[in-house]
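Look for subunit A in each of the two complexes below; its partner is subunit B in the first and subunit C in the second.
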Partner chain A sequence: MDEIKISAQDVNVFYGETHALQDVNVKIRDNTVTAFIGPSGCGKSTFLRCINRMNDTIEICRVKGDILIDAEDIYDRQVDPVQLRAKVGMVFQKPNPFPKSIYDNVAYGPRIHGLARNKPELDEIVEKSLRRAALWDEAKDRLGQPGTGLSGGQQQRLCIARAVATAPEVLLMDEPCSALDPIATAQIEELIDELRQNYCVVIVTHSMQQAARVSQHTAFFHLGHLVEYGETGQIFTNPQDKRTESYITGRIG
Partner chain B sequence: MTDIALGRALRLKTSLLDQSSRTRKRNFAEKRFELYGMAAVAFGLLALVVLLTTILGNGLSSFRQTFVTLQIELPQAKLDKSGTGDLEAIKKVSTFGYAPLIDTALEQTMAQLGITIDGLSAKQAAGIISKEAPAKLRDAVIANPALIGTVHEFRLLANGRIDGYYKGAVTMVSATRDANVSPELLILADALKAAGLLATSLNPGFITDSDASDQRPEAAGLGVAILGSLYMMMIVLVLALPIGVAASIYLEEFAPKNRWTDVIEVNISNLAAVPSIVFGILGLAIFINFAGLPQSAPIVGGLVLTLMTLPTIIIATRASLKSVPPSIRDAALGVGASKMQAVFHHVLPLAAPGILTGTIIGLAQALGETAPLLLIGMVAFVKEFPGAPPEGFFDPASALPVQIFNWTQRADPAFVERASGAIIVLLVFLIAMNTVAVLLRRRFERRW
Partner chain C sequence: MQDLHIASAFDRDLEDITALIMKMGGLVESAILNSANSLVDRDVELAAKVRAGDKAIDALEIQINEEAARLIALRAPVGGDLRTVLSVMKISHNLERCGDYCKNLAKRTTVLAEMPPIGGSSNAIRRMAREVERMLKDVLDAYIQRDTELAADVRARDTEIDQMYNALFREFLTHMMEDPRNITACMHLHFIAKNIERMGDHVTSIAEQVIYVVSGEIPDEDRRKLDRTSFVGKVGG
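Our next item is the complex of A and B:
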């Protein structure tokens, strides 16, 4: 069994008065793809954003409880969220490349974190990241062109390359395929499966099939509660909770 | 189910080829709206054309001026009595020492050409030359003392009325009723013109010279006003841009959203709507009366205009920061950029075109602003050029719009032409600034 990478203990999240997440306890394993599923508004993105403290940027958002990565509390006073985010990369639902060249998109993270000592090293990081994101062949001849000029699927892969370039340990993906066609989706899914070898991947998805295809563990959220968490195969074939069962079979959500 | 059935029952069989009355009405309304819009644009263009033609028609002539060319003897006995060539001694001779030289030269020239005009004494004939001419002659000699003891050709300003005669503002008939000119003088001018000694030509002095007194419209120039405006714009740019952008970035990206920032936000908007004359009073009270800065100085004008421009820049900057999609900030934060890195590496470059446009619009507003400058004494008659910055910021100066205002107040009608000319200069500056704004925007946008 792989070791525990992320461990959440009694996580409660409030947006002002809204209690968006209640008492979430979960242990996410390293080198595993963990899928978060659940009906819209149940708090999947909220929980995902807790893991790299992106919720800090939302003023009304308060997070209670502990989230440990490698047994270290990321909400500890001494933790610098910026440093944390270099370790916990994120891919957003909507592809959001910087309006810069493809190269600069990927090179930005390594640059600000000083991961490359010189240009050849940076070039290597860029190439490796683009290869990881299965974009190298399409992009290698147009590295100088704006990233915003790529197709939606290519943009999303560029965003994955950008996230991978900072050498994170955890990769969070919030519905990374929601804007993509089936072919691009298949490419990204394949990619996620490969990424699993090096990263702890957490993916939010609305597609049961996708969750079943790419993930080893699945967490089902409902109305701010983590209802059920376990091996994907078990969740889909033999759910313990009635709500999980009805969601999976399409009766709620 | 019932709804669908209802819809079906209500639906009438219609042809797409004939328009229903609703469609006709809607199309008509659209046409009408289009016409309104076109009429509004046409009206605006018409107003612009009328404005430009009047101003150009009235003002273009001020860039040309009538000059008289004379051979003037500069005797050493009069200009440098000691004969040592000592500049201080030469400077002791005032313009009164130079005026007779011009008169003599004119007299000699008339005698050479055989021009005699009945009823025009030599003293009256001298009236054809501007009263400013002796001062110009003195300046030329002081600039080049080697001229003393020689006979040299000088191009002297003609009297403003003579100039007006060739620009159509003065006629023989009006000259009979004019204390400053007589028909005889006009005849003399024609004679000199025939001899090739009097001509209307380009007058760089209008841009480079300083203002002149009421009696000498021909010598009045915009030099001090342009320099004053330039100094003020420098001060405004150097102060308002960084302060405004820093304030906007803080308010938009970093400040917590609470009651205080709300109050500040509302007050900045209010500040933008405060009449400019109020800023003038503020400047008078704070910068001159309290801080003791000199009156009429570009530093005070610049500070007042900075206060005025700040809200414009802040509002424009905040708007362009707001228009940068939040996903860009998320993206930057997501790869581990700090908030400041996200702002400076990604948000600010995207907002730059908008910030630049706002700044230049603010500057253009400030350039044309008159009222507050009147209150801080920039309306004074300034003959001396201010020094080089930064000391020059504290010297008295004028400003372009104030100079225009000032000239329109003068009694002599020749100043109307000057004022229109000054408006052209101001417009040229504004157009130049807007062009720069557009070019900069293009440049920045092309980078992405």
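Our next item is the complex of A and C:
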């Protein structure tokens, strides 16, 4: 059994008057891909964004309850959100490389966090990160070219390389394949499967098939509640909650 | 060999479920040989072993069906992958039935061991069982190799099993007509022969699944049916 990496206790999130997440309790395992599924507005992305305090950037957003990573409360006053986000990397729906070279995209995080003492060390981090993201072979001869010149699937892998360059422990992915074609999607999914050996991966997806394919655990959110959380095979063959069954079989929106 | 999937976990799932089929097939092959040997050698201990061993075969069928359901739910297989998963479910059912027939054979062996032998029928039954076992071995190879020629060959060989069964059927009729004290043993032996003949049909069904997995089509029912015993006694038949 893999160890618990992230532990959420009685998490409630409010956007102004809106109660977006209600009493979420969940323990997310390390070296595991955990998928969050549920209809739009169910709170799955909100919860994902709590894990690296992205919600701090939204003024009207309030988060109550505790989220622990390795038993450390990430909402503690002493935690620096910038440091936290180096430890908890994020990949977004649309590939968003910086308008810089492929090399600089990956080197950006290590530079601002001072992770490399010299150029050879930085080179090493860039190569290792691009390899982790299965982009090295395609990019190694064009590291100086702009990241925006890559194909959509390559750009997303570049964003994954950028996320892993700061040596994170958790990788959050918010619909990382929704802008990609089926082959690029399959490649990213295969990459996610490899990444789980080194990271705790949490992915939000609208595609239930994707959740089924890539994750070992699945959490179903509905109307701000975490309805069901379990082993992915069980969720998709024998869900315990009627709402989960209805959602995965396409009966509620 | 087919190209690998981009999602390597998909390939692993398909390999795992195929490995379970092979494991199940191996258990059934042993059960066929052991049950036939127990009959000829009047070895009730071996028969008891066959009866106990059927649990493992049944458990594998359940496991295979669960894995197949999981694979369908999680991977949404299409094309050849879908046919593979469907075939696996069908083949596991065929194998499970064969396992049951072996168990039944072993039960009857314990009864027959107490009775005088009926001619050389036990040996004839064992020859039939051995041939079915060879067919099963070949069809499982054909499944792994996706070898439709070998599968078609296995399918054709079922007519030999039918002929062996016809011959035994007539032999048992003769023994029963000669001496009514033979009836109990002959009834048991006849059920055994019939069950082995049914195993041949299940093996044939597996051969058809091989052809289905490769071609997407179940072969037509154009085999010559040589089991004529359904018409024995028919006036003018």
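List of remarks:
As a working rule, the second predicted complex is superposed on the first by the 253 of 253 C-alpha atoms of A that agree within 3 Å, B and C clash if a C-alpha of one lies under 4 Å from a C-alpha of the other, contacts with A are read in each partner's own complex, and residues count from 1 in each chain.
The criterion applied here is as follows: a residue touches a chain if its C-beta (ideal position, glycine included) is under 8 Å from a C-beta of that chain, and two chains touch if they have at least 3 such contacts.
Here the structure is a predicted model, which is why all the values come from computation and not from measurement.
Model built by superposing both complexes on subunit A: subunit B and subunit C fit together without a clash.
Of the two partner chains, neither subunit B nor subunit C is touched by A:F14.
In the overlay built on the shared chain, the residue A:C159 is in contact with subunit B alone; subunit C does not reach it. With chain A as the common frame, subunit A serves as the apex of an angle whose CA-centre rays point to subunit B and subunit C; its value is 150 degrees, to a multiple of 10. In the superposed model, A:E189 makes contact with subunit C only, not with subunit B. Once chain A of one complex is fitted onto chain A of the other, the partner contacts of A:R213 are limited to subunit C, with no touch recorded for subunit B.
Ranking subunit B and subunit C by residues of subunit A touched puts B first. Shared-chain residue A:P97: touches subunit B; no touch with subunit C. Fitting both structures onto chain A leaves subunit B and subunit C with a minimum C-alpha separation of 28 Å. On the side of subunit C, the complex with subunit A involves touching residues 5-10, 66, 69-70, 73-76. Residues of subunit B touching subunit A in their complex: 256-257, 325, 327-338, 341, 345-346, 350, 448.
Contact residues of subunit A toward subunit C in the complex are 183, 186-187, 189-190, 193, 209, 212-213, 232-233, 236-237. Across the complex, subunit A meets subunit B through its residues 52, 54, 57, 59, 82-87, 89-92, 94, 96-100, 108-109, 112-113, 146, 148, 159, 162-163, 165-166.
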